[in-house]
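Structures follow.
Each of the next two complexes has chain A plus one other chain: chain B in the first, chain C in the second.
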Partner chain A sequence: MFYYVVRRIIYIIPISLAVSLVCFLLVHIAPGDPIDAMVAPDTPPVVIEQVRAQFGLDQPLPVQFGIWLAKVVQGDLGNSLIKGRPIAADLLSASANTFILAMTGGLLGVLIGCVFGGIAGVYRGTWIDRVLLGTAVAGVSVPHYWLGMVMVIIFSVNLNLLPAMGAGPGGSTEWAWDWAHIQFLILPSITLCVIPAGLVTRTVRGLVSDIMSQDFITTLRGKGLRRSGIINHVIQNAAPTVLAVIGLQLANLMGGSILVETVFAWPGTGMMLNNAIFQRDIPVLQATTLVLALFFVVLNLVVDLIQTAIDPRIIRR
Partner chain B sequence: MNETVSQTRTGDYLVRARDLNVAFVSREATVNAVNGIDLDLAFGEVLCILGESGSGKSVTLRALMRLNPKGKTVMSGELSVAGHDMMALPDSMLTSVRGREVSMIFQEPMTALDPVFTIGRQIGETIVRHEGISRREAEQRALDLLELVQIPSAKRRLSAYPHELSGGLRQRAMIAMAISCRPKLLLADEPTTALDATVQIQILLLLRRLQQELGMGVIFVTHDLGVAGEIADRIAVMYAGRMVEQASVTDFITRPLHPYAQGLMGATVHSGMRGHRLTTIPGSPPDLRLPISGCAFAARCPHVVNACRAALPPFRHPEPGRAVRCVRFEEAA
Partner chain C sequence: MSILSHQQSAVVSLARKVSTSDSYWRGVGRRLLRDKTTMVCGAVLIVMALMMIFAPLLTSYAPTEGSIARRLKPVGTPSYMLGTDELGRDMLTRLLFGGRYSWFVGITPVILAFIVGGMLGIIAGFAGGKVNMLIMRVTDVFYAFPSVLLAVAVSGALGAGILNAILSLTIVFIPPIIRVSESVTTAVRNLDYAEAARATGASASSIVRVHVLPNVLGPIFVYATSLVGVSMIVASGLSFLGLGIKPPDPEWGLMLNTLRTAIYSQPLIATLPGMCIFMTSVCFNFVSDGLRTAMDVRA
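What follows is the complex of A and B.
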């Protein structure tokens, strides 16, 4: 087990390198010259070359990658072409905002999904199951942005209960856990929770009804356990798989909240990516993609390790 | 074994079933898995139920502790186990009878044990449930039980998971769990079928020893006549959800009366048959989704007459302690 953990952590290095390379190449494969976005359309070629040299864009690709990687490792993610200031600080605060939104929405979704899925699984084939499953399918099928806008219309425009845009009073981007801020979190996190809730419901339902139909459940009933005792066994059997699904959903939400962040003007990585794409701000695009991808890699590792730790059926050396 | 099938005083019996029926109802069909069984078991007696696949042996066994899937199972008749009227027992009390007064071991110890709980915890859990002692004390009891069922290096095995044990050890652990609260009745559903021959014998010997030491009544389901002869006091033969014959083990083995029981004997390898030809019973058992009138075995019986199809033959008692549901057993014998 110990060697497995060490080995898995060491594996992170080549994976991260590959991820960085892809992030780096991504923007060079994309059509269009990033310089065009930085200079006025009628800039003389000499000036263009100067700018190009200033950003290192005149070097051969491998050299550019080396330089870029060396800086990234030291925490220097470059400067934004548009804002002209270091990306790292902005990205850090955006990541924190996205993290808050993704975790709130994700955990809400997981909670709903486990409860709905657990009940539907235990009562499989009954009307309770059909209602819950129908709700879950509807949740997965509803488009994010549409649901977000409907909620804005109902709760912000018509009822005037909750703010529609931003992450804090007066457009502040610094998060705090007080009501003034939390009320901004409610609509986007509910919008965001719907898809993971639906997916987790379906997974947990399948898992629970699968476990409930296994032979050992008959043994447990036969030795006189009450319902609560049996549910305890079901939970512990389902936990490793549910955990993997949860990890995947949270990771998806970190990168997948672009639409929701855009609808609610939430100052996170999704909005940052969105802006960077439209403004062709290559370094920002690169840095944001890289951070999200690395987060994905690390989360996968954590899920895998926890799963290994709690599931005695998995033997890894 | 000294009771007769016709005896009726409930108090003397560990198990007493009268006209027990079990049906599985779903939207598509109703399966009449058990059709009017009468069964008596004295304290400390060992009964073997024989019968081919699908004859309702497992369903009968589960019915004795009302363990068939709730919701789709319809039971009727009279059933008393260890003095409890099982048909009237509310669920809350049923869970106190299960595992404490009646417990069950299964054919496949791999799937019958929870894969993510240690052996020690699964055994301890039963004791904690019924005797309300601490988990720590229960672990100690579990250790004693593993030693009782002769699991080598028992202490280490307490913290093992089912997949870390061999089939034979798993079945021993399963037995330890089943006897952990010293039940009066042990139900064993083909507990040796999934094991290889040498292990089968060890498990059988273990069960016989425990039965004698603890004085449990045992109902043991098997396909194997040899196993039945080894362990049983009395044998009951099932066909299509009905009992067709009950007899003491020696009576049965020397002279089975029902044509189906004779067929079973003919299809089994055993020492008395040396030099004889093995035979099979032609045809297949009836579809339990359809109503059966008359003797269910009539379609396959070499001695069939019209009376067999007309009405269900009543039990005949050719000698004390023996019962056979056949109108022509005298001719067939």
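What follows is the complex of A and C.
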């Protein structure tokens, strides 16, 4: 067990390196010379060569990767081509905003998913099960950017209840936990929760109905355990797997909220990515992708470790 | 990647149940015919496909031709059954022609990933050892990215365009298909009949051809069909971000984006393309679920 934990933690190093390499190569799969994106179109060739040398772009690729990686490790993610200032600071506040949205939406989705999935699993094969499972399939199939538009039309345009865009009054991007800010969070997080809710419902339903059909549940029934007692047993058996799914969902939403952020103009990493794509600001695209992917790697590790810790059945090699 | 992984384990367990006999497939067909949800969804998909194929016969307008004079006519306007968009183009025409692109960009990556990922996964599962290690470790790297992020990052770097969108989605779907095919193949390889074939001196290629392929392709295919729904959503999502097809050509995701200006005046029209994406995705998911249930024989 101890050996497994250490090995799992060490394993993060090669994975992070490989993830960084993929992000590094993003600049190089972009069509055209990366230098074209850094200088004005009518720059004289001499200046172009100077810039090239300054950014180390005249070096062979592996060397460039080394230079870039050394900077990244020190927290220097490069400068935005459009804004001309370091990306790291902007990315930090954007990540915080995305984190708030992803966690709210994710937890909401998990809550709905566990309740729906649990009920469907217990009442497996009945009409309740079919309705809930159908709802879950529909939830997984929703184009969430479209759902966001529908929400805006209903709650902002027609009912005029909630704001349609931004993350705070007057376009403020500083978050605070008061009603003036929270009302901006409601529509995007409900939109974001639909897909994880559907996925968690399906997983939990499958787990619960599997556990319910096992022999030990029959034994518990036979010895006269109350319904609540049986449900307690089911929850204990389902918890580790459910936890893993929940962790993955939350981590996935950090990178998956880009479309919802675009619809609601939520000032997070998704909107940063969207702007970077529009303005062909490849360094910002690269840095944002890297940070989100590394976050995903770390969260996967945490989920794995927690799962190992709480599930005595898992004996890892 | 978890959006892609919810069906993996279910599909892997199929490998032990699928058999190659005719009676098995007849049973699958019979169970599918009895499954009303799957039949209805399948029928809806076929009708949609036919309407898009025969789009030029169903409408007299061109998808890119409009007039500001008749912009944003409501649904039900005579001769514009589903109204007109923000540039006065017939919505029905654009939805029909747009669906062609949406379906093409949504389905092609899954087919490509099925071929490439299936091949690599079967090789990894059958060869084992160093080959397995190499293929699976590279797969792990792509698993370290949230799927939507990977698609957006790759196609964002490559720039807008249908081919770039298809390429980036293919990259997203190859790793999960590799994982499923690898575990399915490993499971089949260790079954008694494969062991027996090896003991009688059958060559590797004949074991793969006779024992492995017929037993793993079904489960891998079922898993691939479960990806089409997600693929449709992400593909249209990419063009919603301006990373797919270029205007003025119609595509559901792109239409949804440009129609955002119309949510105040014609909210119903603004949401029509999204309903098409939703309908397609729901139907594909139900058909895929039905297919899996029909193939899953609980003895």
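Simple rule for what comes next: the second predicted complex is superposed on the first by the 315 of 317 C-alpha atoms of A that agree within 3 Å, B and C clash if a C-alpha of one lies under 4 Å from a C-alpha of the other, contacts with A are read in each partner's own complex, and residues count from 1 in each chain.
Operating definition for what follows: contacts are C-beta pairs under 8 Å (C-beta built on N, C-alpha and C of every residue); 3 or more make two chains touch, one makes a residue touch a chain.
Just so we're clear, the structure is a prediction, and the values are computed from it rather than from any experiment.
Clash-free side-by-side placement of chain B and chain C is the outcome of superposition onto chain A. After overlaying the two complexes on the shared chain, residue contacts for A:Asp311 are found with chain B alone; chain C is out of touch. In the superposition on chain A, A:Trp266 makes contact with neither chain B nor chain C.
Of the two partner chains placed by the overlay, only chain C lies in contact with A:Val150; chain B stays clear of it.
In the superposition on chain A, contact is made by A:Ala251 with chain C only, not with chain B. For chain A, the partner touching the most residues, choosing from chain B and chain C, is C.
In the superposed model, A:His233 lies in contact with chain B only, and not with chain C.
When the shared chain is aligned, chain B comes close enough to touch A:Thr219, but chain C does not. Using the contact criterion defined above for the overlaid structures, shared-chain residue A:Phe99 touches neither chain B nor chain C, since it reaches no partner. By the touch criterion defined above, A:Leu26 reaches chain C but does not reach chain B. No C-alpha atom of chain B lies closer than 14 Å to one of chain C in the superposed arrangement.
Chain B contributes residues 62, 65, 67, 95-100, 103-104, 106, 108, 111-118, 125-126, 129-130, 161, 163, 174, 177-178 to its touches with chain A in the complex. Of all residues in chain C, only 1-3, 5-6, 10, 37, 140-142, 144-150, 152-154, 156-159, 229-230, 233, 236-237, 240-243, 253, 256, 260, 263-264, 267, 270-271, 273-275, 277-278, 281-282, 284-286, 289 touch chain A in the complex they form.
Interface residues of chain A facing chain B in the complex, by the touch rule stated above, are 214-216, 218-226, 229, 233, 236-237, 311-313. Chain contact summary for the complex, chain A toward chain C: residues 15, 18-19, 22-23, 26-27, 29-31, 134, 137-138, 140-147, 149-150, 152-153, 157-158, 195, 199, 202-203, 206, 245, 248-249, 251-256, 258-259, 262, 273-274, 276-278, 280, 282, 285-286, 289, 292-293, 296-297, 300.
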